[in-house]
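Down below are the structures I want you to see.
Next come two complexes built around subunit A: one with subunit B, the other with subunit C.
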Partner chain A sequence: MPHHKLAAGIPCRICSLPFALPRSSAPTRSVPKETLTSEMNAETSDAPPTSLVDRTVVPGDTVLDLTAMASQTIKLGAGLRQDCDTISVMKAGKLRLSKPNKYWVESSHKRYVPCVEDTVLGIVVDCKPDNFLVDIKAPTLAFLPVLAFEGGTRRNIPKFEIGTLLYVRVVKANNSMNPELSCVDETGKASEFGQLKDGYMFETSTGLSRMLLSSPTCPVLEALGKSLSYEIAVGLNGRVWVNASSPSTVILVSNAIMNSESLSGVQQKIMVEKLMQRLQ
Partner chain B sequence: MEQRLASTCRMTVNERKFVETALASDLRVDGRRPFDYRRLTIKFGREDGSSEVQLGQTHVIGFVTSQLVQPYRDRPNEGTLSIFTEFSPMADPSFEAGRPGESAIELGRVVDRGLRESRAVDMESLCVVAGKSVWSIRVDLHILDNGGNLIDAANITALAALSTFRRPECTSGGENGQDIIVHDPEVMEPLTLIIHHLPIAVTFAFFSEGNIMVIDPTHKEEVVMGGRMTATVNSNGDVCAVQKAGGEGVTPNMIMQCLRIASVKAADITSKIKNAVETYNTERTLRKVKRHSSTVTQQVSVPDVIMKDKQAENIISHQEEMIQHEPDRSSNCDDEMTVNTRTCIKTEGNRRDRCTDPFVGGPSNWDPYLNKLSSNLVGKSQDLLGPLTISKEQQESKSNKMAVENSPEHATISSNSETLGVSGPRQQTDVAKSLKDAVKSKARKKSKTSATTS
Partner chain C sequence: MGAMTVDRADGRSVNQLRPLACSRNILHRAHGSARWSQGDTIVLAAVYGPKAGTKKGENPEKASIEVIWKPKTGQIGKLEKEYEMILKRTLQSICLMTIHPNTTTSIIVQVFGDDGALLPCAINASCAALVDAGIPLKHLAVAICCGFTEGGSVILDPTKAEEQKIQAFAYLVFPNSPLSVLPSAPSAEVDGPIENGIITSVTHGVMPVVDYFNCLERGRAACAKISEFHRRSLESQVPGDLTKAT
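The block that comes next holds the complex of A and B.
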């Protein structure tokens, strides 16, 4: 029986916009169409703005006209800005909408901007008396307090050598301070945080990590899980750890994942099938 | 301190262990076998002597430039070749702008040694006036992306750039014949460098105390490897240079095996470079040939057309070793094409397709009354005939044999360029005259054809 375990954390950000939406979700409208079609004219050349949801937008695009929605509350996430009466895009990416009124732009980068409650994969760079310095692909190194482990006291401080791979959670993230991490969840339990032993780690973009963590299960992971048994941990900072019993399986899984970024669900399934056929 | 920490490459202990355990079962992390190279693509820029090479993720560009300098005292009749490398900070976080680091200097040295010690580039042909001025060839290599194995990629870039580089022709002239005149590329066709052979660098990485060896290491494998060796060999089987700077010790058997593998790989890479250079050269020649034949459509006279084909053939046989009948066929096709088609033809297959298409509309486009049509068409052809006269001069200087035959045609063309308005009907009457001559008197026709076709 193929065993496929996703060691994923709770996918949420503090601005309360879920980052992961089912890939097959149809674009939804939160504002009645007739009021918008009259307003949106010069900016978007063809259709009303809410049909920009789930489409690629670039900085400068206007996505909403607020004169049409006078008494509504709209929550804006990353990459959007209010310009008097319009909402315009600041970052290139896909515009996402969560009913009823949450909008944000999702983009895929090599760099990671730390957000609270993100689960990431970090590499220990240095050990200090009070905390470990951990690299999470952020602009600055992150601190992992020595006591932030389940049942952690001054007597049983874990000994991590330089280069240890950890699965951690971001606790504090401001752009002026170093981010702070923790190896326990909110209730104080370890819950799969901590050191990842053996296996292989590779780096991808943040967009691919989000796709791998989306629910329902990402097609490439599902297709691989049908014929191979492996263990995987995905960090939102673009790092993925794979472990399996034989090195060839690990190499297969890692290469399949790396090639699947730009493919649609069906294409991913086909790619994995071809890969499995080539091996047999 | 944090800045420095942030800029080094981070490898987890998991990765290190995994790379080694996978290699123990002959598996590499990107799915290659131990003796497989990554995909190699060689591209060229518009200028002669600029190349861009991608070996997997590694990306290097190279430029070759030349300058007249005084030779070294101990080698008064040899040119000089110098390699400069620039490790751009965008290639790797550990590269810093400014002074080159250790690996940058080592890379430059290995590429330089492979070319200089093996005398791959002929230095004596670069001498202009012995003891006074020689050509100094400078190769600049820029690393754009470090995906591992920079030495091999940089070497291929340097070879590709040198193979397509052309230095200006220069002759001695001036008052007492002492001055050197460097000719503009438009005036005189620049010359290629004489390259005797292509020394290819093949890099090996050693793991687990020298027992496991792989070719073309990626960035991750380079961090994990115990030692590295670069063997520069050419396709004739000569070993041009070997570089092993520190690292794990390796048995002599291992080194002999590496050299054997390197010569096999070198033959493969040499053929790839040569194919790419040939494609570039044919495209370059086509660009020149098209310029000539596009003006021929304006003149319409058939004997002149045949002349130009022969000259085009001579250019091609001068510039390239192999004589192919393709350019002849293509230049025939080009004659039929109108002036406005100026697309870039990349491969020979495409060229053949292009040839057939204009033929379909060929006879209807070829209109003997074309010259009478519009003034701007006439004006355009006038501009085109301008460069034609210059290139005609350069062809004359090149082929001394054809000098006599060129001059009458040159005379006709220059007279055409001066009085274009008159030339149209005159040529028409020329054509008409030759047809009439064919009917009327054979003697007159014989003298006319002998003047134009000799």
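The block that comes next holds the complex of A and C.
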């Protein structure tokens, strides 16, 4: 296929497909580039001479020069935007690169930017005929259709009161529309989605949520699991729900998680051991 | 112009700034907060948002910003309203307003101490709080106060006593100096010190035009230092790499 230089733009394609990464990061947003039409496979080219990858970047920093990367597909994640011929930073954080071509800025905040296929904890704020209005700590309220449940029909609409805590999945997320949620997975099964009864919910930052969901298991959860039995639901929007048989266990698990944000793996284990000693 | 050394009360040279301190994420309930101090001028800024809905007169196709200024003592008057308006316009030019349409971001500025250069301190604190809250920004805003004395020399970051004695002063806000992987533009020297542009300029008093441009030059150079301080304070707050690939 001939590789043609377009009159106004640069022969480089910015891809808008969502992608899920093993650890932190959110799927991409679409980056409109109206001058690109050629369908080229990604050819690996040399990285820019000085690279800001794995360094702290600040809004305004330019991280990629598109003129130097001809005919490549680049995927942009959270915190980056396209500014004519360059990619610049919108949020402060650490710039990450997942080879060959996925860039994003890793940062931790108290609010959440909805992305498709994220699992979050939402609180019902209102019930409408067609949707539940659910608060997921995003810039706008999210809609949960009343039929988005396993075996959901007009006859068996669940009755959620205002204040109900739900574990849901984000289905649609655009910046200009309210996000849409669902209580079923892709195959149509309920699979743990739905109302979370009993237990205790607390709010943390999105960075801590990602750490709790990382694989291999987060050190604090592993250390707690060695001696206590509890169940936990972590939402990527910074909400965590803990349930155990006795209130003291719930309090201990919640405190351990809240204290573990800025600690390393070894420090987390030591902190959990100290808390366990106080319980005995 | 002859180099006139000005004796400043606290022993600083003409180009020396007061000690800067910045701490982030201090308020538990606010989505972003920062406390910025320059000497004895201390300002705390808190950011809430983005929240759904815009005010009546605002354009729903863009995000909107509202600023509330709380003075240390006394009732809210015209001066506070003026500060709110200047702060709102400055922050509107650095925020990306089209990312989250039909939302409102509220910034509340509380003055803890006022010892000169209050508005620049508030702008620096608000910008740090916006970064802490994760609001998408084009670049950072770095603010400084330049005073023009009767002797004809430009002093930076005057205290309140100095502000009352000098002939004129200007609050200047510049974009920060970014890191870039691009090769630096060859025309940087040709454009002079304002190659990256200026966001806001508020002047009080009377000064000649030539000296105003002199103030701009000095202010720009000092803002590079403040911008460097801002970047370092952000680096130290990034949490440990627990999510790094092992």
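By our rule, the second predicted complex is superposed on the first by the 202 of 280 C-alpha atoms of A that agree within 3 Å, B and C clash if a C-alpha of one lies under 4 Å from a C-alpha of the other, contacts with A are read in each partner's own complex, and residues count from 1 in each chain.
Just so we're on the same page, a residue touches a chain if its C-beta (ideal position, glycine included) is under 8 Å from a C-beta of that chain, and two chains touch if they have at least 3 such contacts.
Owing to the predicted nature of the structure, the values given are computational and were not obtained by experimental measurement.
Once the two complexes are laid over each other on the shared chain, residue contacts for A:V250 go to subunit B alone; subunit C is not touched.
Once chain A of one complex is fitted onto chain A of the other, the partner contacts of A:D198 are limited to subunit B, with no touch recorded for subunit C.
When the two structures are aligned on the shared chain, A:H109 is found in touch with subunit C, with no touch to subunit B.
Legend: residue contacts after superposition of the two complexes on their common chain; A:T164 is shown touching subunit B, with no touch to subunit C. Once the two complexes are laid over each other on the shared chain, residue contacts for A:T140 go to subunit B and to subunit C alike. When both complexes are overlaid on chain A, the residue A:I74 reaches neither subunit B nor subunit C.
By the document's definition of touching, of the two partners only subunit C reaches A:G93; subunit B does not.
Of the two partner chains placed by superposition, only subunit C is touched by A:T62; subunit B is not. With both complexes placed on chain A, subunit A has more residues touched by C than by the other of subunit B and subunit C. When the two complexes are superposed on chain A, the residues of subunit A that touch both subunit B and subunit C are 140-141.
Interface residues of subunit C, counted against subunit A in their complex, comprise 31-32, 49-52, 96, 99-103, 131-134, 136-140, 175-176, 178-182, 230-231, 234-235, 238-243, 245-246. Of all residues in subunit A, those touching subunit C in their complex are 22-24, 48-52, 56-65, 79, 81, 86, 88, 90-94, 106-111, 113, 139-141, 175-176, 207, 210-211, 214, 216, 218, 261-265. Only residues 2, 5-6, 10-18, 21-22, 25, 27-31 of subunit B touch subunit A when the two sit together in their complex. Of all residues in subunit A, those touching subunit B in their complex are 123, 125-126, 133, 135, 140-141, 161, 163-165, 196-201, 241, 247-248, 250-252, 254-255.
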